[in-house]
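Notes for the one structure printed next.
Letters are used for the chains, namely A, B, C and D, taken in the order the chains are written, and counting of residues starts over at 1 for each.
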């Protein structure tokens, strides 16, 4: 392959607000426009919206499923990975990406943020968790003002990491 | 068995400050005194200190190891579980417990907190992460003022859950 | 998507004989010609040969890696899935496929055959294990006389399963 | 601890014949008599029989569960490890043992035999699979004539490995 694709994960809950769903769809669309492959957990909510956005722009979508059947993937997943690992598949979602965009999210998303940061994979956030320890804010989640910039930041961080 | 043992996980980094190591050792000791079985990730730092404390009071210690060899367990692990699953073993640590005590901790600990809360397993914190979303504090991590109370809170939460 | 892709796993050792490597390459090529997506463990030997064959015919190749880095994928893997799960990734390889073609293979391959048969995923064999219990041959691994027929059998079994 | 416990896994189906259940119970009893800790998959059939045997002689029993709840353990499991990893927990069962005794067994057991042999963990067999490749028998599964000798062989192989 002459040009290596970028793999970017979009993480967020299978239940999401309307606003977050819109953010996710825009992130998916922009990732596809910029030629990145979308990695996600393959289910509904944020994951489905991101896949729908990516597919509408001709992007490639990978869904790393917690259950044991490919039928559980949302209809916009082109490449279902069937793990049957339950929540342990969260590790596979983030490790299969070069950067992660977190949108909204509950405790499953929090676990993915932890796994990503633990592995040195950059995390860009839209309306997501903020972290502090002993009263001090931890700045590891890079906040983005909107979906387009979230994608720009994520892709620039991958490029920088690859040049280092 | 006439009486069911309680399984309580102690989570925290393999690198830890002196103060956190002392907290962990006291937590381990108190868990053993109250007849609980200690579950942890089996490595050094917080995990080793908690096991050392538990063993000093005759408690049972389980270490769920990320690597492929039982030789990687700290010397106070009596029951090494060898997973070779890397960070995905974090899921097994928290799911094997009825409550979790988080001490200090880095991003691996954060992932475990996420997995625990996602599974409805209560998390008691000593000098650990605090979480917020959209400027609002998330109160799911129950702060404890000291190791003894951390153990008391954890055990009372298990009892309450089992009576429900 | 108007037409659903078939996902077929090719399993076999990272060390393989010249003859087995040729078989794997032909299997990969034929899978691509018939429009199937190749799933494998992403490393060398049989896995690399199958990916090389598939890519030479424009096929899509997925490598589900045991380690923690995408750099460990063979150069013909287009979609690296980074699990860091060690041998537990074998489960993900077979579950992500609708049928499995086993070529040669050692004990890792044997574990994958077991996981596939356990999950009701058909296994076609080329020069691979044969199984018996209490002196009776177990016929679950369907022997194929050559790579082309291995692919034909695998694809026909998926079609039959989907029509049932 | 002055003396290191031996960890021996007993693997076999959750459905088993009466004869195999008797074998498993005797293996469990003998393991406990010889001071070994029993590791198993924690469910019914062979696993439950082995745990029942071990507990009747005061042995320690560990059940590494595929599901997400400790309630799924058989009543003779003293230490339930809750993985929610599905069949991937098979890897954890064998890796947590220093030797494996396979009794009867279906395809899940076959996968465990493959994982054990892949990791260099000796496998002793009672009425279990036999393997061949290209018409040649693979002698890696060591057949035992009865439960007592199965335990003797398993423990002697661990001792030998530790002295090497």
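Convention: a residue touches a chain if its C-beta (ideal position, glycine included) is under 8 Å from a C-beta of that chain, and two chains touch if they have at least 3 such contacts.
For clarity, every value in this text was computed on a predicted model and none was experimentally measured.
Student: Under the document's definition of touching, what chains do chain A and chain C have as common neighbours?
Tutor: Common neighbours, chain A/chain C: B, D.
Student: Quick one: which chain's Cα centre is the longest way from chain A's?
Tutor: D
Student: So what angle, to the nearest 5 degrees, turns chain A so that its CA atoms land on those of chain D?
Tutor: Going from chain A to chain D via C-alpha fit gives 180 degrees.
Student: Could you please state the distance in Å, as a whole number, between where the Cα atoms of chain A are centred and where those of chain D are centred?
Tutor: For chain A versus chain D, the centre distance works out to 40 Å.
Student: What is the distance in Å between the mean C-alpha positions of chain C and chain D?
Tutor: Computed value for the inter-centroid distance: 29 Å.
Student: Which positions in chain D are in touch with at least two other chains?
Tutor: In chain D, the residues touching two or more other chains are 68, 84-88, 91-92, 119.
Student: Which stretch or stretches of chain A touch chain B in the complex?
Tutor: Result: residues 85-88, 90-92, 106-115, 117-119, 127-134, 140 of chain A touch chain B.
Student: Applying the document's contact rule, which stretches of chain D touch chain A when the two form their complex?
Tutor: 68, 84-88
Student: Report the residues of chain B in contact with chain D in the complex, numbered from low to high.
Tutor: 1, 5, 7, 37, 60, 62, 64, 68, 70, 78-85, 88, 91-92, 95-96, 119
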